[in-house]
Amino acid sequence: MNDITLDQAWQVIDAANEAATTQGTAMNIAVVDVGGNLKAFLRMDGAWLGSIDISIKKAWTARAFDLPTAELAKNSQSGGQFFGIHASNQGRVMIFAGGIPLKKGDAVVGAVGVSGGMGEQDQAVAEAGAAAFR
Amino acid sequence: MNDITLDQAWQVIDAANEAATTQGTAMNIAVVDVGGNLKAFLRMDGAWLGSIDISIKKAWTARAFDLPTAELAKNSQSGGQFFGIHASNQGRVMIFAGGIPLKKGDAVVGAVGVSGGMGEQDQAVAEAGAAAFR
Amino acid sequence: MNDITLDQAWQVIDAANEAATTQGTAMNIAVVDVGGNLKAFLRMDGAWLGSIDISIKKAWTARAFDLPTAELAKNSQSGGQFFGIHASNQGRVMIFAGGIPLKKGDAVVGAVGVSGGMGEQDQAVAEAGAAAFR
Amino acid sequence: MNDITLDQAWQVIDAANEAATTQGTAMNIAVVDVGGNLKAFLRMDGAWLGSIDISIKKAWTARAFDLPTAELAKNSQSGGQFFGIHASNQGRVMIFAGGIPLKKGDAVVGAVGVSGGMGEQDQAVAEAGAAAFR
């Protein structure tokens, strides 16, 4: 099937949760499906309230453009070719690190988004989550 | 502590998930914390996409007014004393069954919201989730 | 001056707060100025979170149409001549009791909005607040 | 108790109001609770209408990310690791000075937001408010 299942979403979230715990940060972790729609989410105790929305939107963005949000960021700063893209899609586009597509072969079938720490921390936790997807 | 923890949120969601599986329906299940902010969420495989938002808003509504959304519904029909309340809070107020507050003693510390079936089905699954909260 | 001052707004809010305390309810209390813009607000401990927005919108509505929201309600039910008005103004129109204009002579210079209880309770507290305006 | 009370919110607002009066500026002053929800607000006579929303959102932002908005600003400019964050949370994120968390020990239990003057003025008034929190 060409979509992510709930079981798979949980594997991703569990792995991300574990990586965040090891890292010592409190994260919001979201997974979206092939349609970009929310599949599963958790907010660790003490994680930023403002990152609920951001984690979901990072996941959406990674699926919507089929690339990591950290990559999108490179072209979306002032002066870049995609500058202004963050204003599109009713503000759903997040252009900083922490969103990663989930792939079966070459096909993107969902994405994980993480928010709650510095950019590098979010990225590392999202990568740990994505690595658990199979 | 005067808030719901992630562990508690998962107990609620697990119980609701199990009840929905037994019932044979595919549900969206959301839990919010004491401030009405999303704590955890899952969408069962095959559950309605349009109910992602509704389940989260049912949970929010149950916390925001400290009562089951099924109760709020009674006073929010045309001619009722709260008719029009669904236009408040930027459309976050859901006035049909499926949202239930989670209480510690008399204090509401969060809520569960379920959406994906008929009103009675949503309500039954939410009740199963709320019953698992302790 | 043809507007409400902060001192006047506080007198209204203090009186409403006192009336709510006497009544034994926890209310959200808002005052808007001649332009319908928020002037002062308080949420009593334990008051409904969902009524923050509603109290502010009741005050806005009372100023926007220069009449008590309880009056507007009469014509805004299904079948009434203003049915559907709650969908106007980006959802700012509240059509149930608890919003009352504040007048100097015949001129409306602001309004008070109260939300947190049953319709009659909200109305009584708003009336107590409005009575303190001079 | 793990939240801010109305009495505490007023102490913060009173202190900020007094500081703004001394400073000679007309400010909007908002306090939110542990969940980011509005607890109390006042607009001084003559204060900018456009800053009602901004003051409330500064307070929300300071709670949502558990840091002063002036700090968030540093990482949210073009080229920074959080550039684009202002597009998240339905436009609730304010990334300039004037929002400060309110803490009990290490726990953030609310926040104050001030808007109506230059960045340094807003910040100074917010700091005066926050200093009154205990």
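Lettered A, B, C and D in written order, each chain numbered from 1.
Everything below uses one rule, namely that a contact is a pair of C-beta atoms (placed from the backbone, for glycine too) under 8 Å apart; a residue touches a chain by one contact, two chains touch by 3 or more.
Keep in mind it's a predicted model, so treat the numbers as computed, not measured.
**Q** If you average the CA atoms of subunit C and of subunit D, how many Å lie between those two points?
**A** The mean C-alpha positions of subunit C and subunit D differ by 25 Å.
**Q** Just curious, how far off is subunit C from subunit A if you go by their C-alpha centres, in Å?
**A** Whole-Å distance between the two chain centres: 42.
**Q** Which integer distance in Å separates the CA centroid of subunit B from that of subunit C?
**A** 29
**Q** Pull out every residue in subunit D that's touching 2 or more other chains.
**A** 33, 35-37
**Q** In graph terms, with chains as vertices and touches as edges, which category applies: line, ring, star, complete, or other?
**A** other
**Q** If we use the touch criterion from the header, which chain pairs count as touching?
**A** Every pair of chains in contact is listed here: A-B, A-D, B-C, B-D, C-D.
**Q** In their complex, what parts of subunit D are in touch with subunit C?
**A** 5-6, 9-10, 33, 35, 37-45, 49, 52
**Q** Show me the residue ranges of subunit A that touch subunit D in the complex, using the header's touch definition.
**A** These residues of subunit A touch subunit D: 48-51, 53-54, 57, 73, 76-79, 86-87, 91, 93-97, 118-120.
**Q** Residues of subunit D touching subunit B in their complex?
**A** Touch list, subunit D to subunit B: 1-3, 33-37.
**Q** Could you pull out which subunit D residues touch subunit A in their complex?
**A** 35-36, 61, 63-66, 78-79, 81-85, 87-93
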